[in-house]
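Below: one structure in structure tokens.
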Amino acid sequence: MIQFSGVSKYYDGDAVLKDISFTIEKGELAYITGPSGVGKTTLLKLIYCAERPDGGQIIVAGWDVGKLKQGTIPFLRRNVGIVFQDFRLLFNKTVFDNIALALRIHDMQPREIKETVNNVLKDIRLKHKEHVFPQHLSGGEQQRIVIARAMVSRPTVLLADEPTGNLDMDTSRNIMSLFREINARGTTVLIATHNNALFHGTGRRVLYLSNTHIEKEAVG
Amino acid sequence: MRTLIYALQTAMKSIWHEKWINLLTVLSVGIGLLILSSFATVTLNVDSALKRWAKGFGMVVYLDGDLTGKAENELKRLFLQDPDIIGVKYISKEQAVRELRRTLGENASILDELDENPLPSSFELKLKRELLKPDVVKKKAEQISRLKGVEEVQYGEKWLSSLNTLSTILKTGAVFLGCAILVAIVFITYNTIKIFFYRRKDEIETLKLLGATRTFIRLPFLIEGLFIGIAGGLISAVALFGIHSMISFKGADILPAIRALMVAPPMRAYMAIVIAGAAMSLTGSFIAVGRIRY
Amino acid sequence: MRTLIYALQTAMKSIWHEKWINLLTVLSVGIGLLILSSFATVTLNVDSALKRWAKGFGMVVYLDGDLTGKAENELKRLFLQDPDIIGVKYISKEQAVRELRRTLGENASILDELDENPLPSSFELKLKRELLKPDVVKKKAEQISRLKGVEEVQYGEKWLSSLNTLSTILKTGAVFLGCAILVAIVFITYNTIKIFFYRRKDEIETLKLLGATRTFIRLPFLIEGLFIGIAGGLISAVALFGIHSMISFKGADILPAIRALMVAPPMRAYMAIVIAGAAMSLTGSFIAVGRIRY
Amino acid sequence: MIQFSGVSKYYDGDAVLKDISFTIEKGELAYITGPSGVGKTTLLKLIYCAERPDGGQIIVAGWDVGKLKQGTIPFLRRNVGIVFQDFRLLFNKTVFDNIALALRIHDMQPREIKETVNNVLKDIRLKHKEHVFPQHLSGGEQQRIVIARAMVSRPTVLLADEPTGNLDMDTSRNIMSLFREINARGTTVLIATHNNALFHGTGRRVLYLSNTHIEKEAVG
């Protein structure tokens, strides 16, 4: 589903990722970890084509991401749900509309949108905040909305960047079980985090990023 | 299709939400178009008035007092053959006196005291419109004045050159003003749409990341720009019509001829204003939205 | 003090960084001011021309042909005493003939054939400027025509009312256009500053949270608006001067009198344009920045 | 230094904080904790006057915050350094200028600004990113810049809202020792976090927020 072959990425001449190769199979749930500034977010950006690789090849859901034309990028992104580290919620839209937007882009019918959004709001236990604007939510609540928006369109790939950075342990556990659920429905999930507690004892594959390369691969 | 509906909804919401700034933009665009179209109308009117005058422009060829009827006919034949001359009118001594009498009005009685008619007979020549350039006319006049039996050639030298200069000034002014206002209108819409664009900049960045196509992102802004242009165009068309009616109504009191002289902008011109407004605003919006890069 | 320096730096950076949009704003403001001031100049000129004409406006009182010199003197005394009349000029029969001769020009020779002078003697009266309203003048004319020894009173009834209407139309137009363009200029600056404001919205929110005072936040925008207004004003002042010079230069060819007739905008007026531009733009910026609430 | 007496805060009729009273002494370093959405950020906002209390009195560094006039608020805030949960970095300014801004607002001389900022950049180990724009930094690096900006002006009170949400354990420890250092220089520090690991074993006071009130106060 996600396949990196010899991928490199430089920023201003400094390598952030160098000759990275790995494969995430369809239906897998895997983690990327490593200290702050190691390149976890950069790696995810390469997958959804917000950055272009300086070398190597990236195949995501059959698309050769590095060679994608500008006009084709939206169609790749419709297959990829993203939990952004910096949230990117729209402050002039209610919680409901923020999530619904992802479906509008998919050209879904209004009635269907309503049903789907309400369901996902129940899943993240924020149905009562439906008509609230995001700036009136706590950091943790916002984080859950971002997760909801990423998964509501049932993408084939789900990328999550530090999805529990603003959550206490209880809520974190809750969110992680949500990810497992989505994964069970067939979505490939890739989670970037520095929080070892998230993958300890899960039995999932963990890629350890360190100083521009994948240092080791282990089972969490 | 659903994209269009959604874009329309978004545009409508934005138009309503930002009604004041939209209203001011529409008014500014309307004022710009009004000034532009008023100036165009004035130029059109002046130009058509000039053309009329030019049409009436004639050379008066005064004949020697002692010319025989035959010689006069000879001259007339000559003028009629000349391809540059499109109208030849003979004015006899008697007609000349009658005209003078009319000019004198009340004081015409002095003419009664005359024993003999002191006025010469003359030809009034009309030149082809194309030739009404000061220097061409001058050459023609000199040429005619050298003919046998011609005493003098008179024509409104000063006026002719004035009319030409005035017409040129007005047309140059219209083109300059037109360009300036065109740029201003495009810019005003650009500015307003850019504001909306910046207000939604974060939103647009996010939309891009969520997989929205360029059309999905751009369409609401273009619709809003189109709306502004059409509304501005309509306002200025209505205002132009109002001003034109008022002037031809009020003006008729001052100068009854004004009604006959004034050229009303045709229906097509009003449509053109609206279309021009729409086109300018759309252009401004297009530039404001800019290239969308993922 | 350091705040002012920092604000100046920020404003300068923004002016340079957004040079295109700033240039277009300056040009738009300049065009608006130019249209406004051109129209004002035209109105001023027309009005002053009208005033001159009005000053030259006279009533001609034709006298009975058989009036004695004493009776004429009596009438003159009467006119001189009338407070409404500020100028009395006597035109004898002989002067009248001389004037007619001049009017006839070439054809004046017909007058030589006359034995007796058929023209009446007359008075030319000038009325106080304040009385130059169509109905007042009419009443006065009727009153005078009833005097003994007066044959007829003539005056340019049509023209007088035309001039009045024209002057009113122009002044009303100037006021309307003035308001419209004033609003447009304020709005254009508002729009541009608002764009800058929105671009820096996050920055401003953060500045507030970091403890920046309102002045610290607002000053750069106001300086930028002031700059736009002054630049626009200067451009339009220079353009107005250029156009005015060109017209009085070119126009002199057409109508030599134009140079004497034309009222040049005084130096103060040019300064006023710049100050007006600055004031309008500053107003626009003020509104754009809005109330800053913590 | 910070004194809450019977403070309440309602959002749309729902109480977030109700009759809260506590005092943080001058020179103290204390923690506020509690699950996501409990009102930690709200409590901090009340301190720097981004929200007004619906009841009770708040005294910060001698100012009666609830009754502050609009024009006086900036002067309160100059005494309070804030590490925002959502960072609030300026993306059109370099890292250096972002931090320098806090000092410009304080009307400091350019030369002095340069020196102070360079020192603080060394403290957070990001001197090499001085001329970089924040959007080119990783989440963790951004977090450290925010912390630097909050402390560079030597405020009397420092508020930190989830200052380690985006940091791995190593960097977190580093940051926490920075806070202790600032505190040792006399600044009163109040840290809001859901991460128990941050205060466990520090021996500092911890306020446990739960369901609109302070449930318990303990030593971490």
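Chains: A, B, C and D, in written order; residue numbering restarts at 1 for each.
Convention: contacts are C-beta pairs under 8 Å (C-beta built on N, C-alpha and C of every residue); 3 or more make two chains touch, one makes a residue touch a chain.
Keep in mind that this is a model prediction, so the values were computed, not measured.
*Asks:* Using the contact definition given at the top, which chains are in touch with both chain B and chain D?
*Replies:* For chain B paired with chain D, the chains in contact with each are A, C, in label order.
*Asks:* Report the chain whose mean Cα position is at the greatest distance from that of chain D.
*Replies:* B
*Asks:* In angstrom, rounded to a whole number, how far apart do the mean CA points of chain A and chain B lie?
*Replies:* Centre-to-centre distance between chain A and chain B: 63 Å.
*Asks:* Compute the distance, rounded to whole Å, between the mean C-alpha positions of chain A and chain C.
*Replies:* Using C-alpha averages as centres, the distance is 69 Å.
*Asks:* Centroid from C-alpha atoms only, then distance chain B to chain C, rounded to Å. What do you get?
*Replies:* 23
*Asks:* What are the residues of chain D that contact at least two other chains?
*Replies:* none
*Asks:* Pull out every residue in chain C that's touching 2 or more other chains.
*Replies:* none
*Asks:* Looking only at which chains touch which, which shape fits best: line, ring, star, complete or other?
*Replies:* It is a ring, because the chains touch in a row that closes back on itself.
*Asks:* Chain pairs that touch, all of them, please.
*Replies:* The list of touching pairs comes to A-B, A-D, B-C, C-D.
*Asks:* Write out the stretch or stretches of chain D touching chain A in their complex.
*Replies:* Contacts found on chain D: 11, 34-41, 85-87, 136-141, 143, 161-162, 165-171, 194-196.
*Asks:* Spell out the residues on chain A that touch chain B in their complex, using ranges where they run on.
*Replies:* My answer: residues 48-50, 70-71, 73-78, 80, 82, 84, 88-93, 101-102, 104-107, 109, 149.
*Asks:* Can you name the residues of chain C that touch chain B in the complex?
*Replies:* Interface residues on chain C, with respect to chain B: 21, 24-25, 27-28, 31-32, 35, 100, 107, 109-111, 113-116, 118-119, 161-162, 165-166, 169, 177, 180-181, 183-184, 187-188, 190-192, 194-195, 198-199, 247, 250, 253-255.
*Asks:* Once bound in the complex, which stretches of chain B touch chain A?
*Replies:* Contact set of chain B toward chain A: 2-3, 6, 200, 202-203, 205-214, 216, 293-294.
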